[in-house]
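Following are the structures in question.
Here come two complexes built around chain A, the first alongside chain B, the second alongside chain C.
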Partner chain A sequence: MTEFVDVALLALLAVTGLALLKLRNLFAVVILSGIYSLLSAGLFVTMDAPDVAFTESAVGLGVSTVLMLGALALVGHEEKKPTRPRVLPLAVVILTGAILLYGMADVPPFGDPNNPIHQHVTPRYLEEMPEEIEVPNVVSAVLASYRSYDTMGETTVIFAAGVGVLLLLAGRRRRGQDEEEPGE
Partner chain B sequence: MMFVVSAVAILLTMGMAIARGLRGPTVYDRALAVNMFGTATVLLIAVLGFLTGRPDFLDLALVYALLSFIGTIAILKFVSYGDLASTREPDPEEDWTW
Partner chain C sequence: MTYNIILRIATKVLCPFILIFALYVQFHGDYGPGGGFQAGVILAAAFVLYALVYGLENCRRVLPPQVVYACMALGVLIYAGTGVVSVLLGADFLDYNVLAHGDPIHGQHRGIFWVELGVITTVFGTMVSIFYAIAGRKGLN
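== the complex of A and B ==
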């Protein structure tokens, strides 16, 4: 049954992708790319990756829909017809697809317990974790202790990004107020 | 069996929502299509959880419901104001058929 759901979702994904290519109404393109993102999130869920699915829908459906609508407000909602057929982009796309398919040949099979990722450090984490770190949750132990430097770097990056956005927004608001004051 | 039938029905609904989003013709058809597609995804995740015997992803489905709500709000705000940061009142006389 999950295979059937996979096939159906992939078929809908293909239909949506082709429709995105054909459509000239950019508002419909934004809507359909939101649907595309929901479809891929559904596929991630069927592959037991709910965290990836969550990120996909937060970024693809939430943030990028809002950003693209903001862009539409600036550029208008009708795409111009291309004046001549573009061969180079098509060639680049086909070449990239071929390289990706070639790369897929070396990827270990999906869900196989003998895959390298399940053999390298994961068994050691699971065996030694209760003695080394007295944290009941394996994920927390890995994130906060075994990979603590990595986690610290990630939180630093997110913190810096948040501070940057807040500074930009605050600076813009203050400048806006300064411009209004002389008029009043 | 019940879950299989509901999964098939939800997938059919998804297909029809895509068709409506494609054909339009008005902006409201498309907004409704993406909103309904979000709801169908939430239902599909829930049904898949029970179908595979692991309903652990139900809270993920709840978060999806919230996200698709935000998307719909952004689309409708854009449609009525033509701008996401505008503070002007919407004009009920305006016709949005694109």
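== the complex of A and C ==
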């Protein structure tokens, strides 16, 4: 049953990806990328990572779809046809894909208890956490306590990203446009 | 979209539940999937939905942009402030064991609570700020 779900989700993911490549209507592209996120979230659930699936569906499916639709309202719904066949991007993509596949050969099999990631600090977290923190969700404990430096960095990155977007998009009133949009 | 009565009523019914669900995800993050990042996005989604259906101006009246911008910075301050408090109490930066006097486990719970509060505040502020910035451009209103 699990294999069937995995194969079905991956097949749908591939179909969605190919459809994304072919489509020229950007509205459909945005909606399909939302569906792509939803399918990825389904895959994360089958890999027993509900926290990641949760984030993927909230950010990838929810907010980023709305933001992309907002951007579409500014730039129009149709993608321009390429004027000439672009060989260089194709070459770059194929090369990158080949390198990734080559790298995949060294990745340890998924779910194997002897993988390096299960041998390093994970056993200590799982064994000591009930006495040290007493939080039933290990993910929360690792994220907010054992690795709180990381999470602080992530929060700061989000803050910096927000400030960057605001400087780019909302900062245009300074350039002598006060008369047009007073007191916003 | 602004004058579609089904959307308006559905939004009115859904918004409180989305807000409550965001708080559930935030405070139940210790027991099930969830935490500050997810809760912040869900909280922002409630306001995005409201703005999509009732218009950006009405949403700005409920949640002024200045408040959202302040949230962005406030969250990072809460997070780093938790670390500073633990330093002032004589431990390492972000070592929660000392946050409750003489009870390390309670201290850990307190630390996680404040840190997650900082995360939800920054994520919520950033998401709504970006939405305001993109939706506030000419051509959408």
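Following the convention adopted for this analysis, the second predicted complex is superposed on the first by the 123 of 184 C-alpha atoms of A that agree within 3 Å, B and C clash if a C-alpha of one lies under 4 Å from a C-alpha of the other, contacts with A are read in each partner's own complex, and residues count from 1 in each chain.
The rule we apply is simple: a contact is a pair of C-beta atoms (placed from the backbone, for glycine too) under 8 Å apart; a residue touches a chain by one contact, two chains touch by 3 or more.
Remember, predicted model here, so these are calculated numbers, not experimental data.
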Inset, instruction - Determine, under the contact definition given at the top, whether A:151 touches first (chain B), second (chain C), both, or neither. - result: second
Inset, instruction - Return first, second, both or neither, reflecting whether A:97 touches chain B, chain C, both chains, or no partner chain. - result: neither
Inset, instruction - Go through the superposed model and pick first if A:58 touches only chain B, second if only chain C, both, or neither. - result: both
Inset, instruction - Report for A:133: first if it touches chain B alone, second if chain C alone, otherwise both or neither. - result: second
Legend entry - Which superposed partner A:163 touches (first chain B, second chain C, both, neither): second
Inset, instruction - Check whether A:50 is in contact with chain B, with chain C, with both or with neither, and answer first, second, both or neither. - result: both
Inset, instruction - Check whether A:73 is in contact with chain B, with chain C, with both or with neither, and answer first, second, both or neither. - result: both
Inset, instruction - Examine A:2 and indicate which partner it touches, taking first as chain B and second as chain C; both and neither are also allowed. - result: first
Inset, instruction - Once the two structures are superposed, pull the chain A residues common to the chain B and chain C interfaces. - result: 50, 53-54, 58, 62, 66, 70, 73
Inset, instruction - Spell out the residues on chain C that touch chain A in their complex, using ranges where they run on. - result: 25, 29-38, 41-42, 44-45, 48, 52, 69, 72-73, 75-76, 79-80, 83, 94, 96, 104-105, 108-109, 111-112, 115-116, 118-119, 122-123, 125-127, 129-140
Inset, instruction - State the interface residues of chain A toward chain C in the complex, per the touch definition above. - result: 50-51, 53-55, 58-59, 62-63, 66-67, 70-71, 73-74, 132-137, 139-141, 143-145, 148-149, 151-152, 154-156, 158-159, 161-163, 165-166, 169-170
Inset, instruction - Spell out the residues on chain A that touch chain B in their complex, using ranges where they run on. - result: 1-2, 5, 8-9, 12, 15-16, 19, 23, 25, 27-28, 30-32, 34-35, 38-39, 41-42, 45-46, 50, 53-54, 57-58, 61-62, 65-66, 69-70, 72-73, 77-78
Legend entry - In the complex with chain A, residue positions of chain B that touch it: 4, 7, 11, 14-15, 17-18, 21-22, 24, 27, 30-31, 33-34, 37-38, 41, 44-45, 48, 51-52, 57, 60, 63-64, 67-68, 70-71, 74-75, 78, 82-84, 98
